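Following this line, the structures themselves.
What follows is chain A paired twice: with chain B in the first complex and chain C in the second.
Presenting the complex of A and B:
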């Protein structure tokens, strides 16, 4: 059984919750009082993760931190189709890794702006927002041309990959950090498609996209 | 600025709206929500729910209606009228609850809109019949005037030609209009058009197209090449300006109030034309009615319209349309054996292309959408309002069963709409009254607190269903019905007095006239429809007195409470009634 040390409002924890549900991995959540309790900085939690960060998983004693590491581990172990992290297709795996690195950028800009606005983190908010818009422009252009090629996802595959999954939370919650998406129609359509995936899970601030029949 | 406002602007490419996307944009700082219904109609509305002002662009396009993400207010395709408010499941939203509709149309691959109705003149008129190749629209963080200034001097390089011989063409502006720029060279058949959308005071969107559309296999190259060049252009222009903030924010906002109210605005009587008539079952003719001009008012499931026939009669017919079918109304008319001139006229004299007057729709047979299970009982032509309800429920995750009782399979009407229901439609053919009652008893079962019943059909059948439900423990609140006619033998001759509490008038109702007649004679305008106590339109509140209801609209609990009466048929057991008008 996987235990996730979790905070409902964290984008990085949400990434892990999304995959746990997409892959129907049996798990339990261990809520951490991230705000205002700073429980992730408590003595007991530093024994779980000396860096004092969440998410962390404990898979029957195997402890792993960092959202990307956790996602790669869970996808490789549980995704029988190998579509989320396509280890059998080198070029697709390269693309996936490339866009996962890109998502580090959106987390450090769009999601940082959100932490600034909602939890009072001391970031340079203008730089965060400007950085997010730069990356969103690139992503929108990429997704628009993917649509022209009849591709629905960030990478050139039929099914979504971890690249879509790690980008999604930063994008869908960006307006909580003052980064609106009105200028990125291709991104907005991609969020519709992602939210229509089977076993997609919501979090606070994420709304349903409605069904497509 | 005023000149610029009365123009058509591209606000989205039609491809932007695929797959029930809810598109968000702005025009001169006015927030727009743009969405396409499954019937292809493109809606351009103010991006604001009338309830709490939330943006509708985060809502859900269900293919027929746009649903606000926050409290579920539903707005109809085409009219933008509110059709349902989940917090008030048993009420009809007032017809005045209608979102602002901006004028719009689709042409050359784009949705065009304007802040006010303007001439048909488009900034781009293409003579070519082919749909052009639509470029990726590019938003610039630059005010309109700056983009215009820079575009005058802009040139585009295009590679074109066969695989073995690629020719480079440099496109320079041949025609430059304030909002549209055309680029072409003398030695190529292709032109590039760029059109500007003034987004707000800091942002402009460049939309573009190539005409004629290049060959399929080279389109992606064209798109990539022009996108790269436009992105480079954007970078240059953005780095060359310093944005002058907020210039439009001070401008007079009055033009916002002059925007056409669209098809949703209230009309009392409108002309419609019969666009189709067909025999849908034995003795039942279907009529499809389209507006002579403008659009049709928003309707809700269960609603009926009044047809004003050329022979002077008015008749009520329920709309069978599913949600969002706002371009036409469909009704079913059964030929009555003892027709007084309504159904007989419609069957014999009303043909395709004929015009007639229509008013409504009124909805007094309201569908709740907050119960897990809905049972719909239709007898014969009583199917019509229930068919509309079933189609509305079909679009939700609430379960329902439509029980349809008719004499034989030749009596089944509007079967073209049945496929969507699957096993949620149960037809019961050729049952006797006793067998029908037995079937209703089996189907209803005892009251489970989770279901609502709706019944419509012959008066005897509705009464049987109501009595059966009551004997099985169903409360009147869970049993809804609509009689098409009132078969009660009415008292029309008693005399009594009415006092109008709000205006202070006291009037007498004499033998032969109704409360409604007397009110109208004394200048009190009151809407009515069936005028036989069946439809509920002429209802008023009752403050004092003992009414003789005589209607078939209210249920037992409501009759007993004695707080509402139908002014077309209700009279008084006491000498005086005090009305809340």
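Presenting the complex of A and C:
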């Protein structure tokens, strides 16, 4: 059984919850009082993760930290189709890794802006928002060109990959950090497609996709 | 970042919450804003808590050198630090349940929200949104009816009594759906509290409140206050429930336009379920408040629209 050390409003924890549900992996949540209690910085939690970060998973004694590491591990272990992390297709795997790195940027800009605006973190808010817009512009153009090739997802595959999964939370919650998305129509269509995937799960603050008309 | 300065005596003279005590003691100093003014709340363990107002703009927490510092009054109540920019009264409202020893009383987070304090208070007072915004938790479709309730105002507090709502998970201690009885109390223009049937002891009430700090006209900080009867759940589980509820409210609240609360009787169309809000808007009107509200029916805010759906 996988135990996820989790905080509901954390984008990085949400990434792991999404994959656990997409792959129907049996798991339990161990809520961490991240805010306002800062339990991730407590003495007991530092024995779980000396860096004092969440998410962390404990898979029957195998402890792993960092959202990307956890996702790669879980996808490789449980995804029988090897579509989320396509280890058998080198070029597609390269693309997936490239966009997962890109998502580090959206987490450090769009989601940092959200932490500033919601939880009062002291970040340079103007730099966070400007950085998020720069990356969203690139993503929007990329997704538009993908659509021209009849591709629905960030990477050139039929099915979504971890690249879509790690980008989605930063993008969908960006308004909470004052990063408006009205100028990114291809991103909008992509978020709708992602939210209509089977076994997609919401988090507080993420709304369901509109009904197809 | 400049923000309009508040000129409303009624707001300047109020006690306002500015930080949770542990945030100051363990992780302070806390930089924040109150009614457009920059404040720093400091006082590590063993020191007196002090609050300084900086009469100059700050950029990323750095005060310009020529800034003038003013010390503000400090009051500690219900786990929070309170201050005032004017001449505050001796008295702050009380929450008798806070002093009962068998309760779990704690702050469950100070969450900032991009809307006015008035909008934040009204969202807290609203029963009708439960089945839509908190579906599966505080409400469930098709149980959307808001039964009639009574509202009274005694010049100091608003009370809404006799409220009832069907809730699938009324609190983290709930094991089954229940018809929850609510009493709402506005103990202060920005401090709404609710008393709801405890899933543990139907004769007593859980008390939940938000102490809303008007940071600017269109930014607020909701300091969550809880006083619950719950011996089984740990802190993280109780706070998680509150974080989910708040996280669900946030996008809805931030997309209400205009962000400043309209007080004009024809600005928005209330229904019977909004009785408490109607009384609340009347109260703000009588207090002569103009900060964070739109007093006139003809005034309009120009807010950019956003995309959340």
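Keep in mind that, in the parts below, the second predicted complex is superposed on the first by the 209 of 213 C-alpha atoms of A that agree within 3 Å, B and C clash if a C-alpha of one lies under 4 Å from a C-alpha of the other, contacts with A are read in each partner's own complex, and residues count from 1 in each chain.
Note that a residue touches a chain if its C-beta (ideal position, glycine included) is under 8 Å from a C-beta of that chain, and two chains touch if they have at least 3 such contacts.
Predicted model only: the values in this text are computed from it and were never measured.
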Chain B versus chain C as contact partner of A:73, first or second or both or neither: neither
Touch count on chain A, higher of chain B and chain C: C
Partner chain(s) touched by A:141 [first = chain B, second = chain C, both, neither]: first
Touched partner set for A:149, first chain B, second chain C, both or neither: first
Touching partner for A:207 - first (chain B), second (chain C), both, neither: both
Touched partner set for A:182, first chain B, second chain C, both or neither: both
Which superposed partner A:35 touches (first chain B, second chain C, both, neither): second
Interface residues of chain A shared between complexes with chain B and chain C: 182, 188, 207, 210
Residues of chain B defined as touching chain A within the complex: 12, 15-16, 18-21, 23-26, 58, 60-63, 67, 69, 136-137, 139, 203, 220, 223-224, 227, 231
Residues of chain A defined as touching chain B within the complex: 141, 144-145, 147-149, 182-183, 185, 188-189, 192-193, 207-213
Complex contacts: residues of chain A adjacent to chain C: 7-9, 31-33, 35-39, 117-120, 122, 124, 175-176, 178, 180-182, 188, 203-205, 207, 210
Contacting residues of chain C [partner chain A, same complex]: 20, 22-23, 26-27, 30-32, 60-61, 107-114, 221, 235-237, 239-240, 243-248, 250-251, 254, 304-309
